[in-house]
Every structure is written in C-alpha cells, then in structure tokens.
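Quick heads-up: structures coming right below.
What follows is a pair of complexes built around chain A, which joins chain B in one and chain C in the other.
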Partner chain A sequence: MTSEQAVRRLLAFSAGKPLPHGTTLRVPTPNRSLGPKDVLVVAFVRMGGESSPWGIAFGQPGRTPKVLTVPEARTRDDVADMIASFAPVLLTHLRHPKFDSAGAVITEEKRPDMPLRQLWLPNRSHLDMLHYLAYTYHRTRYGTPERQELLQSLARACGWLFREAHRPGQMVTMIATDVLSEAYTFPTDDIRQGHLGFLVAWLTTRGRQAVRVKAADKAEGLSMSTNLDPIFENTGLAKAVDAFNEARSNEDVESIKRWTQRIHKSLNGELKRRWELTDSAITALEHDRRRENYGVKRLIKASQDEYYRQYLRIEHKFEDIEDGPPFTPSPETDRHPAAAGSRYYVHLSSDELQNQLLVHDDPEMQAELIATGKALDGEIVDVSTRTEGRKEHVFWKIHTNGHLPLRLREGALLCPVGNERRQGEILQIDQLNAQTNRFVLQIIKGKTLHEPPKLIRANDRALLGSRVILVPPPMDGIARRKSRSIWNRKVPGSWLTHSTPRGPNTSLPDAISEDFNEIKSR
Partner chain B sequence: MVKRQKDEARRDTRRRFEQWVQNPRCEANTVSAVHGIQMAAVVKHEGGRPTMGQSQFAIARGHQFERTLFKRDATVLINALIKSGILPTGSSGLADYRLRIHGGRCKTLDEARTQTASLLKSAVENIARTPAVIAGATVSIPGGVMLPEALLVIDAIAIRPGADKPELIVGEIKTYPDRGGHTDTRQLSTARAQAGVYVHALQLVVKDLELTEAVAIQQKGFLVLSRPGSNQPSIRAGEDLHYQTERARTGFQLLRDAAEKLPQIKDQSAESSLEAVCKAEVFYQETCLSFCDRASVCRQRSTENGEGSVLGNDMVRFLGATSLHRAVQLLDGATPTSETERDLLRRITDARQRIGLS
Partner chain C sequence: MPTKIHRQLETYISQRTSELIDYVLEGGRLAVVKAPPGSGKTYLLMQCVKAARKANQRVAIATQTRAQSDDICRRLVSEFKVTPIRFAANSATLNDSNFQITTNAKDLPSGPCVVVATSAKWGLVSHLSEFDVLFVDEAWQLAWADFMLLGQVSDRFILIGDPGQIPPVVSIDTSRWETSPRAPHHPAPEHILREPPRDLLSLDLPATRRLPADTVDFIKPFYNFPFKAFAQPGERIVEVQGKPRDGIDTALDCLANGSVVALTLPTPPEGPPLEDDAEIAQLAVNVAKRLVHRDAKVNAGSGIQNIQPSDIGLCATHRVMNTAIELRLTQKLRRQMRVDTPERWQGLQLPVMIAVHPLSGVVHPSDFDLQTGRLCVMASRHQAGLIIVTRDHIGDTLDTHLPLAEQPIGRPDISGQGHYQNTQFWNQLLKLDRVVVGAT
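Up next, the complex of A and B:
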C-alpha cells in the first residue's frame, strides 16, 4: 500500500463511508457505454471440496436470473448436463458462430463492429470456476458427440474469459469486487474487500457510520464465494444429499424428485443472493454521478479487438498476423515459446495502454503521476524554433516545482494531457534553484496541430506562460509489434521462439494440453 | 469406538502448530494452540458463532482422494511419483501407518510412531527391501512445544536409494486442484509450510534415532494436488523447503519459549481453560479473518482501541505508534504534540497534496 492509498483509506475511515476513487469512472457501465443486453451476470456455487459447479445462476442485470442446479455435484454426468444447458446462453452472449448470427458473419477480411459484451461475476472465486470449467471440458470425451462439442466450445469460451480477466485494462470479464474496490476507497482492509456483500452494504446503506458498519458486518456473515457456508452445508444440505443418494440407489422416483426439489430450493436461495449482489454492484455503479473516463472508449475498442483475436477468430479458425495461428491454448500453461512470448507482449501493451490512457481524463491520476515524478506540471516559459532547410524544430522550456520527486530522464517522451497526438522529447533537465526545475523539450510529433481554443500550434508564442501537464504517451504499439514479430519464423532467434518444449516437466496430460500441430502449422 | 478413534486422530498437533504460525504475536492464539483449546469453543463461550467450520463434503472428498492415492499399495501415487522423477522406475511398496479411521492399519498414533522409527532404521540396513512410500509416518517433537505432547503425522514420505545412503523426500497431500501457475498461492504456501514442518520434525527424529549420518532428508519435497475435475493426482516436484524448514525450526523454538511461560491447564474443555484464552492479550491483524473464529470479536476490540490493523497491516506500518483515532484527529486539523505525530502529519499532508485532495 502506498502512502496515497493509506491516506485515501484514512479519509474514508474518517468520513465513515466509501469515497469515490478518481474523478471519473474507469469501467464501462450499462446504460452508458453498454446496453443492458450486453451484460450477462453469472454466479456459481460448488459442493465443498469439488471443483465443478453445484449450481449456476445467470441472466441480464435488472431481470430475474435463471437458476440451474444438480442434486449431487459429485455425479459428473449430471453436472455435465447442467453445464450443457448453460453453455448456449454463454456462447450466444459471446456471439459464438454457431449460436449467434452476428458472430457468424465475420470473415477473415471483414469484421463488422459489434458492441462489447461483458460477463460480470461476484468475486474471484467465481472467476476460478470458469477456469475449472475450462480444465474439465477442454477435451472431454464423455457423453454424446453433440454434448462433447458443446462442452468443449464452452471450455474454450471459459478459458478465454479467464485469461482475458488477467489482461490489464480489459473490459470483458468484470469481477464485481475488483471493480468496486477500484472505483471506491473503502474504510477497511484488503481481505474484507473480497466480499461483495460487504462492499455493497457499505455502498448502499444510508446513515451514520455505525449504521453502515453494522449493515456491512451483517452482510459479511453470509457467504458469497462459490463455497457455501459449511454450517449451512452440513446442517441442511448434507442430509438432503444423503437422502437423494439413498433414493437413487433404491430407484425410488418419488423420493428422488422430492429431494431434488429440496436441494434445488436450498441452492436457489444461495445462488440468487450471489447473483443479486452482483446486480446491485452494477446498479451502484450506474447510480454513480461520475462520468466515464474518455479513455474507457479506447479500452473498449482494445477489448473488442482482443475478443476478435483471441476468441472469435479462433472459433472461426482464422489466422491472425499479430496473434498467430488459431489454436486453443491449454488451460494450464503456455508451453510454446512463440505463443507465450506473444501473449506476454500483448499484456505489456495492454498495461501500457491502460496506464497511459486513463490519466488524460482523470486529474487525480495526473496528480499521482506528478507526485511520483513520472509526469510534469509546469509553466511554459519559452517557445523557440530552429529551421533546418524546410523543417522547423520547436522547443519548449518549462519550469516545474523543484520540490517534487523526479523520475524522468533526458530522452523520455511526454505528451500534453488531453492530447496524446502531440509528443515531445526531453532534451535537457536543469535545477535552476531549490524551487525550480527547468526542462527543455523538443516537440517531435503534432507540432502543427491546431484546434483552438484547447490546442494551438506548438510554435505559437501564445503558449508562453500557460500551464501544461505532460504525461508519458501510450507506447502500446511497440509491444504489439513485438507480439507480431515473435511469430515470424524467418528471422534470427526463431530457433528459440519456435522450438517445441521437451523434457519430463513439459509434458501435460492430453486432456489439458494444447495441440502443438495447430501452432506449428503456421 | 468411533469417538476413541477421533480422539486419537486429534492427537496430531499439526493443525495447532499451523494455527499458531498464522499469528504468533497473539497470546490468545498461542494459548489456544499450545493447550489445544479450540477457538470455536471459545467463541461459543463468549456467546458468538464460530465461522470456520469444515464442510462434510470437503472432508469426505479428502478421504476419497487419499483412498485413491493409497489403494493397491499406492499404485496411483507411486506411478505419479515415478513420472515426475521423484522415485526411480520400478519403485514399489507402501508402508501404511495411517490410523484406521483414515483407512490405514494403525490403531494408535503411538503404534504409528514406533513403526515409523523401525522402518527408518530398517531402511538404513536394507534399502532394497524398504517400501517406496510411507503413508502417515508419525513423529514426535521433543521439548514441550505443544501440550501435552507434540505429534505430527506426515502425509507421505518417498524413500529412494541415494548415492551412498537412503533419501527421504517429504510430501504433503492436498485435495485442491492444481491449476499450474493459477493455483491459489495462499493454499500453496500453506502446503509448503506444512511440508517444511515435516522436514524439520523428521530431522529431529532422525537425530533422536542417531541416523543423521545414515539417511539424507531432502530439502526439496513434493506436493500432491488433484487435477481439476478428476481424482487423479498432480505432483509438484522439487518444492524448495529450505526456508519453510528454517521457519519451522524457529517457530518451534519460539513456541517452546511461549509454552513455558503459559499457565498450566489440565482440562482443555473446562470453562477455566476457555477463560484463559479469553483473558489472554490479543494481537489482531487482517489475516485473522482467514483462520480464526474469534476474528470479529478481536476486530471490534481493535476498532474501539483505534488500532490501525482494522484498516489492514499496511496501515499499521503507515501509522506507526499513532492510533487510528489520533490520526483522524490530525487529518481533521488537530495540532501534533510529538515528533512522531508531526512526522505522520507531514506524510499525510504530502500524500494528500499528491493526490490532489488537500
């Protein structure tokens, strides 16, 4: 925790309520950048010790969720049937070519614009469930061929959603607790912020601090992860499951039906609570008066791009010049060096994009960057030019507060806040006196941009005396280009990036491995 | 009969040691761990509701997983250990010292401990006739670490012939799924910590048996996890346990010192023993929520006392010796009265300026 985070938390504690973090919202919310139909809320519960779901609740926010359960989560075939009933919902939501006409019309050359589709989950344990599903059905061989195909499609979708959740700045797999913790500063420790009920109670309870604390403590007492409260499981459900198993071994149809209904009723309440909490988190964000950060639109674009490259085109089996051949990654690891390297660069690029994009529209983020010495806030004290043939070089001298820390070096690139098209390179840094630092910048991009009143030509002396905040420009393109280059077989070093890993620690069971032949085909 | 078996199983003090390790600075936690006084009972005694129960299904799943591993002379486990390079090809044989209640052959932990010691001795004499895996090897820690005794049951030990002496490799079995790099890091660190305790305990026992020169205890152990969605094991070989072993050694020493200072308690279930925990000093930290039934009671107390830990362990470091209540007063414009407060206020003011909230 940084000092800034500690002070934010102290301020929230002093106020006795969560405080907005940042002056803008950094996530797209329904009814702003997204239509309500573009959001699917999903919640799971599982039996203690099992990694398959015992039940699933799903639906669009603001509607009544649909709930699916099985009476015995250890009967894999029943669980697979339940998952197969859920699969079309998720696959349609993700516009899988076989389930959605919009997803089916794309070709290698033509990608129609499709609105972003989001999946909301209560907390990280529910995200893990997506990973379990990807593992379990990656190459499932049980059941009818139709069910196998359906479950494998679902496993690919879950695997992608799980991987995407770890890409910085992604806007597809939304973990409600993470989104709320990012959007607000809660007066509590990090561990408790993993409980969605606790966070929602803090946000939605009105009144004095004591009232909010009481409501949050009460909400925290109810389980919302994929695990059920052991006491609830042991007292109510265990008997019902035993009775169901007995009825099943006795082939007592009436009892089977009765116990199935009883178990469904118990799980239904648990699932609905988890689902409704997520819905409440979305509503809380909708009611937030802050506007969306302008950078969100670019991040949405990046997520749509990633959705095409890492999900849709793989389902269509299209090649991609940047992201390589269409292959289904293993849920466990990236064994092929080119695939692993490519994904590493994509993550690097995404991180760069997220960090440098949102700051342009959030004064709090700017203040933090300035305070940590990664950005400049100063006054333009001189604008000069030097002509070289037909080319004009433009230089700015900027004075900044010399008391602030400084991490920028000569050669670093900066761009004015709100206009990343104009970029300058730091040529010189001097400390004029204890109070003032002087920077000499050469404007190397966007010198002639002229969109008054916000933006005037870089060589215009009207800039003299004006305040300017300069932040590092997004350099996401470099890492993206590296991701593309790493797939190239015809360059030095390809012996390393294209060698198939061998050795005892590189083998994976067939059920969870990727197909190297698919990758090698490029 | 079942009660007797359960009581016997409770003599395994591993859980108590791990409970203590989670928060060694809390005296109440130390009293509870050393004397085996369950925190759930303490909470009930205080009129609260325990929150750390274990799912029956999860326990059943754990037993089922172990059964799968150890059935037919541990064929499944041994094959997996061979595949991961821990045991040499052709290894076989299981010495099963687990309690009967856990599907093993021993009636008591004392019997398991005696048999473990004899097997270690015979392994030195004839490694070729020694089974490749010991299940439920039981060892005792000398020196009053836990009261009345400190017994540890080791999930699995792999034995292989080394260059000049037999090698013992400690293993820890967990049912949770192995998801490669996405496996829960906290669960993994707990499993490694447990394996480290075993390595240290085994070192003590081997020393006690005067076998230190005759066997080699590997500092690299293995974890047996499950494959997601199946009952098949996933072996994590080469787990470096140097640090965890050292941590266990230091932990045992601290615990021994702490145990000596604690009041004597004869009956763990008596009201007086519960009161002993209630009266002991508490040291609340945010991780208490993940292992202690009493966390909410202690948090309430810490909030009233203005301890920074209610806002996280990092806040404790940020506030230093200043209380949360005083920090809020400083935030609201109170004048600092000491150098510590002036320093805190300066840091608060700087940070507020940096985030544009001054």
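Up next, the complex of A and C:
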C-alpha cells in the first residue's frame, strides 16, 4: 500500500463510509458508454472439493437471470450438457460468427464498428471458473462433432475472456469487486474487499457508520465466491445429492426428478444472490454522479481492437499483421516464443496506455501522481528561447513545492495535463531552498501549438506566472510496434530467436496445448 | 608484484579471450560469456570487436542503455583505435567528434564497420542490412522478447554479461508466461543456456579486477559459479585522518582493515519510513562529506591517492530516495558525486560507494524486495570501500520472514533463494563485526 492509498483509507475510516476514488469514473457503465444489452452478468457455484460448475446464473443487468444447474457436479456429461446450454448465450454475446449476424459479416478486409461487449463477474473466483472451462473443453472429444465444436468454441471464448482480464486497462472482463475497489475507497482491509456482498452493503446502506458496518458484516456472512457455505452445503444439499445418486442407481425416475428439483431450488437461491449482487454493483456505478473519464473512450477502443484481434478474427481464421496467425492459445501458457513475446508487448503497451491516459482528466489522479513524485505541479517562472539556424529551442523554468517527494529525473519526458501533443524533457533539477525545487524543461514537441485560451505557443511569455501540471506522456506506440515485429521469422537470426523450444517445460498434453503447426504454417 | 595465482588467472583469461576471438573469426554462431562484476567483460567484448573489425567483418554491438553505448564508443576509440558508428535514437544528444553519429539505418555503411546502439534501437529498426556478428553487452539485462527482435541484425550472436545482477525490469503481471519455456520477460542467456544448441561456446571469466579481495566473500552467495579477486587481501584500502568522533568516523576507520562496512540508524518503533527516509538520506550525505573532510586516502588499485568528491558514488534503490540524497548535497558536490539507482550504476565503478541497503525501508519484504540483483550491483561498484547505510532492523526482518515459495511448479524459488542470499550477506557483516550500530 502506498502512503497515498493509506491516507485515502484513513479518510474513509474517518468518514465512516466508502469515499469516491478519483473525480471521474474510470470504467464504462451501462447507459453511458454501453447499452444495457452489451453487458452480460454471469455467476457460478461449484461443489466443495470439485472444480467444475454446479450451476450458472446469467442474464443482462436489470432483468431476471436464467439459472442452470445439475443435480450432481461430479457427473461430467451432465455438466457438459449444462455448459452446452449456456454456450450459445455467451457466444452470441461475444458475436461469434455462428451465433450472431453482426459477427458473421466481418471479412478480412472489412471490420465494421461494433459496440463493446462486457462480461461482469462477482469476484475473482468466478474468473477462475472461466479458466477452468477453457481448460476442460479446449480440445474436448466428448459427444457428437457438433457438441465438440460448440464446447470448444465456448472454451476459446472463456480462454480469451480470462486472458483479457489480465491485460491492463481492459474493459471487457469486469470483476465487480475489483471495479468497486478501484472506484471507491472502502474503510476496510484489502482481503475483505474480495467479498462483493460486503462492498455492496457498504455502498448501498444509508445511515451512520455503525449501521453500515452492521449491514456489511451481515452481508459478509453469506458466501458469494464460487464455493458454497460448507454448513449450507453439508447439511441440506449433501443429503439431497446422496438421495439423488441413490435414486439414479435405482433408476427411480420420480425420485430423480424430485431430488433434481430440490437441488436446483437450493442452488438457484445461491446463484441468484451472486448474480444480483453483481447487478447491484453495476447499478451503484450507474447511480454514481461522477462523469466518465475522457480516457475511457480510448480504452474502450483498445478493448475493441483486442476483441477483434484476439477473439473474433481467430474465430474467423484471419491473419493479422499486428497479432500474427489465427491460432488458439493454450489455456496454460504461450509456448511459442513469438506468441509469448507478442502478447507480452501488448500487455506492456496496454499498461503504458492505462497509466498515462486517464490521469489527464482526473484531478485526483493528478494529485496522487504529484504526491508520489511522478508528476509536477508548479509555476512557470521563466520562458526563454535559443535560436540555432532556423530552429528555435524553447525552455521553461518551473518552481515546485520542494517538500514533495520526487521520482522524476533529468531526461524524463512530461506533457501538460490535457495536452499530450506538447512534450518537454527535463534538463535540470535544482533545489533552490528547502521549500522550492526548480526544473528546467526543454519543450521538444508541440512548441507552436496555439489553441487559446487553453493552449498558447510554448514560447509565449504570457505563460509566465501560470500554473502548470505536467505528467508522463503516453508511449503506447513503441511496445505495439514491437509486438508486430516479433512475428517476423524471416530474419537472419531466426534459427535461434524463433526456433521451437525443445528444453524443459516445452511439452504440454494435447488436451491443453496450442497447435504449433497452426502457428508455423502461416 | 604479481603472485602465482595472479599469473594463473591472467593465463586463464588470456586463453579464454583467444578462444572467443578465434570463435568469432571462424564464424561461430553463438557464444555466451558469464562473468562476475568488474571482470573485464566489456574489455573482452571490445578485444573481440577489434579482431573482427580487423578481419573485415561487419560488427554490431547492442547495449542496454544509451550511456553504455556512448561509453563503448569512447573506449573503442581511445583504447582500441577502432572508429565506431554510434547508431542513436532521434532524441540522443550525444556530441562527440571522435566517432560518427547517425539516427537513420539507411546511413549505415554496407561494408565492414562497427556500429553501436542500444538493444531498443536495434529492435525497432526496419530495412537493416545484415551484420556478420552481433555482440550483446550486459546480456543478462536483456529480456528474451527484446532479444528476439535482435534476430534481424545478424545470424551470429556473442552474449556477454553478469548473471548476478539485475534482471530485466518488468512492470506488468507476467503470470501468463511464468511457465512458458521461453518466458519473454526472463533474461535471454538463461533460455539459451537452458536449451543450448550443439555449437554453443560457453565461457566464464574467473576473477574480478575491480573488487577488493574480501568483497568477493560478500557477493559470492549471489553467484552459482566460483570466482576470485585479482586484488590481494589488504591491498585496497580507504584510510581517513584524525580521531573518530562518532559512528560515521568509526565506520570509516573500519575501511582501513576491510572493504565493506554497514552503518545503522535505529528503526523507529512505528517502523522505518517507506521510501523517502530523510534521516538515512542525511546519513549517506554525511558519510560522503566526512570522507572528503577527513582527507581520506584510497588505494583503488593504482597506488594511494587523496580521495576526491568525484571518487565517491551514492546509490539507493528508489528514485525518490536518490532525489532526497541529491538534494541534501551542496550544489558543488552534486555536480561531482553521482547519485543513482542500481539499474543505472550497472557497468560503472568508483573507488568508494555509499549505498542505502535495499531492505532499509522494508519490514515485510516482497518477492521483489528479496531479489538480490540490486544488492549485488550496489555491493560491487567499489574498488576500495563500500559503506552500507541502513535502518537496524535488517537482521530481525530477515530472521522473521518466511518465504512462501509461490513460484509456479517446476520454476526456481527465486524468493526463497533471495531470502537466503540476503541473510548470508548480512550474516557475513555480523560475523566479521562490520556493523557499526547507532550512527548519530
């Protein structure tokens, strides 16, 4: 925890309620940048000690969710049936070409604009369930060819959603607890913020601190991860499952039906609670009066690009100049060096974009950067120029508060808040006295930009005495260029750099591996 | 007077150098040289470059920072009479009349030449004419993904580096690739040595020329291969004049009979300040000033000399701490004393270093905190004396910490290893009575 985070949390404790974090919202919410139909909320439960889902609840926010369950989560075929029933919903939501007319019209040359589609999950344990589904059905051989294809399509979708969840700044796989913890500062420790019911109770309960604490504590007593409360599971449900299994071995159709319904009823309540809590989290964000950060639009665009490159065009089997051949990545890892390197660079690029984009439209984020010494807030005390041939060099001297920590160094690039097109390089840092640091900046980009009153030419002495906040500029372009270049195998050193790995950890079982030939044949 | 061991080491190094030069001249495709700090890695690289250039090869050199590129260019000119071309990024401001500087790949000669650039620059160039051989300096700092982009430069690679130093800096969650056979964020030589091609030439340099003899015992735990020091025990010293008045003086006096000493400040009951520890910053500055004021003399390998402010370097892991130190120096000293992070100290050396221990502000160390690369760099820049300043909780913190071994199955326990190495380092200081407690 940084000192800035510690202070925010202490303020929340003092206020006795969650406090908004940031002056803007940094996620797209339904009815703002997204239509309600572009959001699918999904929640899972599983049997104690088992990995596979016991039930799924899904639906659009504000509506009644649909709930699917199986009476016995250890029966693989029954679980596969349930997953096959869920698959068309998720695949339609993600515009899989076979399930959605919009997704089907895409060609290699033409890519129509399509709104962002999001998947919301209650917390990270539900995200792990997507990984499980990707693992289980990656190359499943169960059932008819149609069934296999359906389940494998679902596995690819889940695999992409899981991988995308780890890309910085992504706007597709939304973990409700993470989103709320980012949007608000809760007066509680990190571990308790993994419980969605706890967070929603803090946000939605009105009244004094004691009232909110009581509501949050009560909500925390109810399980909301994919696991059920062991007492609940062991007392009622376990007996029902035993009875179901006995009825099944006796081929007692009536009993099977009765116990199936009973198990469904129990799981239905559990699943709905998880789903509704996620819906409530979305509603809480919708009711938040803060506006969306301007940077969100660019992050949405980046997520749409990733959606096309890493999901839709792979389903279409299109080659992509930036992201390489259309192959299905393994749910385990990227074994092919170029595939791993390319995704690594994309994540680096996304990280840079996220970190340096949102700050321009959020004074609180700016204050955090200034307080941690990663940005400058100061007064321009001198504007000077030096002419070299036809070229004019522009220099600013800026005085800042000398008491603040400083992480910037000479050579660092900065841009004025709200204007990434103008950039300066720090040439010199001095401490004039205990209260004041002096920075000398050379303006290296956007010197002549002139859009008054917000932006005037960098050499204009009218800037003297004005306050300026300077933050690191976005640099996302370089890592993206590298992610493209790394696919180029026609290079002299490819015998080493692009060779197929042969050492330890290179083999994976077929059921979870990517097809190297699919990558190399392109 | 050179000793027998000295002569043996020189002979061994000379043989390895010849072996590597022959390999380069005979068209060998891949060599990896690992070496301890201050063992002459860059010198070896430049010897090979000179031989390759003499044989009319088209030679590329990749470094990990702009400063390293500039330094190699200058040294090639001054020490080897080789005129390189500095292939720089657009924003490079280097101005040196001894060698050509270009920013455009089209301006590079198509015939024999020596071109020096950062790995980042080489990796982003397009339409490049192939080089006969690519040398990579500080190769353990180069991530595999970045090395892959160098495949466009040449089909022959000579990688030289120090495996004990800081691995590539990564700012994102890399869990997706932790079990990848060629994890893109891991050092490139690690992957090459794990699955070595049949024609790989693997060499090591056996001794450090930079470090005092007893320093080797401190940093040995950071390496998985043995090495020695050229310097004899007691040869490299720092001696100060006058009588000791306080803890700082006591610590400086210790440098007369050993090259490493730690100087501690009490840890406040509420724990140490996290990053910006004003008292520690002031202590580091006071130590530097005291060295100058007490007319310290130093033998850094070329006889006893009066210490100058420019002979002293300061280092802390956090930028914010370095700034705190820098701002406490007088304007004059700030121009003379280099204050920087271990990342930027790599490849550099000075007679005396003052380093803030990486765990000084950490009482619950993370995996990142326990990585020993930074400590290893900080403890291996000096030629004569190293003063480590720190809060006094380090021993307790390491004693009470339990590494969690959270690494993926089949991967090395870097965190546990780091904890062990950190403990060894601190215990060595305690064992030799080299910790001066409560400097005030």
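In this text, the second predicted complex is superposed on the first by the 508 of 522 C-alpha atoms of A that agree within 3 Å, B and C clash if a C-alpha of one lies under 4 Å from a C-alpha of the other, contacts with A are read in each partner's own complex, and residues count from 1 in each chain.
Note that contacts are C-beta pairs under 8 Å (C-beta built on N, C-alpha and C of every residue); 3 or more make two chains touch, one makes a residue touch a chain.
Just so we're clear, the structure is a prediction, and the values are computed from it rather than from any experiment.
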Quiz item: Where does A:Ser3 make contact in the superposed view: on chain B (first), on chain C (second), on both, or on neither?
Solution: both
Quiz item: A:Arg409 contacts which: chain B (first), chain C (second), both, neither?
Solution: second
Practice problem: Pick one for A:Arg289: touches chain B only (first), chain C only (second), both, or neither. | Solution: neither
Quiz prompt | Touched partner set for A:Arg206, first chain B, second chain C, both or neither | solution = neither
Quiz item: So, A:Glu332: does it touch chain B (first), chain C (second), both, or neither?
Solution: both
Quiz item: Looking at the overlay, what does A:Gln431 touch: chain B (first), chain C (second), both, or neither?
Solution: second
Practice problem: Answer with first, second, both or neither: which of chain B and chain C does A:Leu11 touch in the superposed model? | Solution: first
Quiz item: Is A:Asp217 contacted by the first partner chain B, the second partner chain C, both or neither?
Solution: first
Self-check item: Those residues of chain A which chain B touches in one complex and chain C touches in the other
Solution: 3, 332-333, 372, 504
Practice problem: Flag every residue of chain C that touches chain A in the complex, lowest number first. | Solution: 29-30, 91, 123-124, 126, 130, 134, 144-157, 171-185, 191-192, 194-195, 197, 274-276, 318-320, 323-324, 327, 331, 410
Practice problem: State the interface residues of chain B toward chain A in the complex, per the touch definition above. | Solution: 51, 53-62, 83-85, 175, 177, 179-182, 184, 226-229, 232, 286-287, 289-290, 296, 309-315, 318, 324, 327-328, 331-332, 347-348, 350-357
Quiz prompt | List of chain A residues in touch with chain C within their complex | solution = 3, 163, 166, 168, 332-335, 337-338, 340-341, 343-345, 347-348, 351, 372-373, 402, 405-409, 425, 429-431, 437, 444, 478, 481-482, 485-486, 488, 491-498, 501-506
Quiz prompt | Contact set on chain A toward chain B in their complex | solution = 1-11, 13-14, 47-52, 76, 128, 131-132, 135-136, 187-192, 217, 221, 227-231, 233-234, 238, 241, 331-333, 363-364, 366-368, 370-372, 504, 509, 512
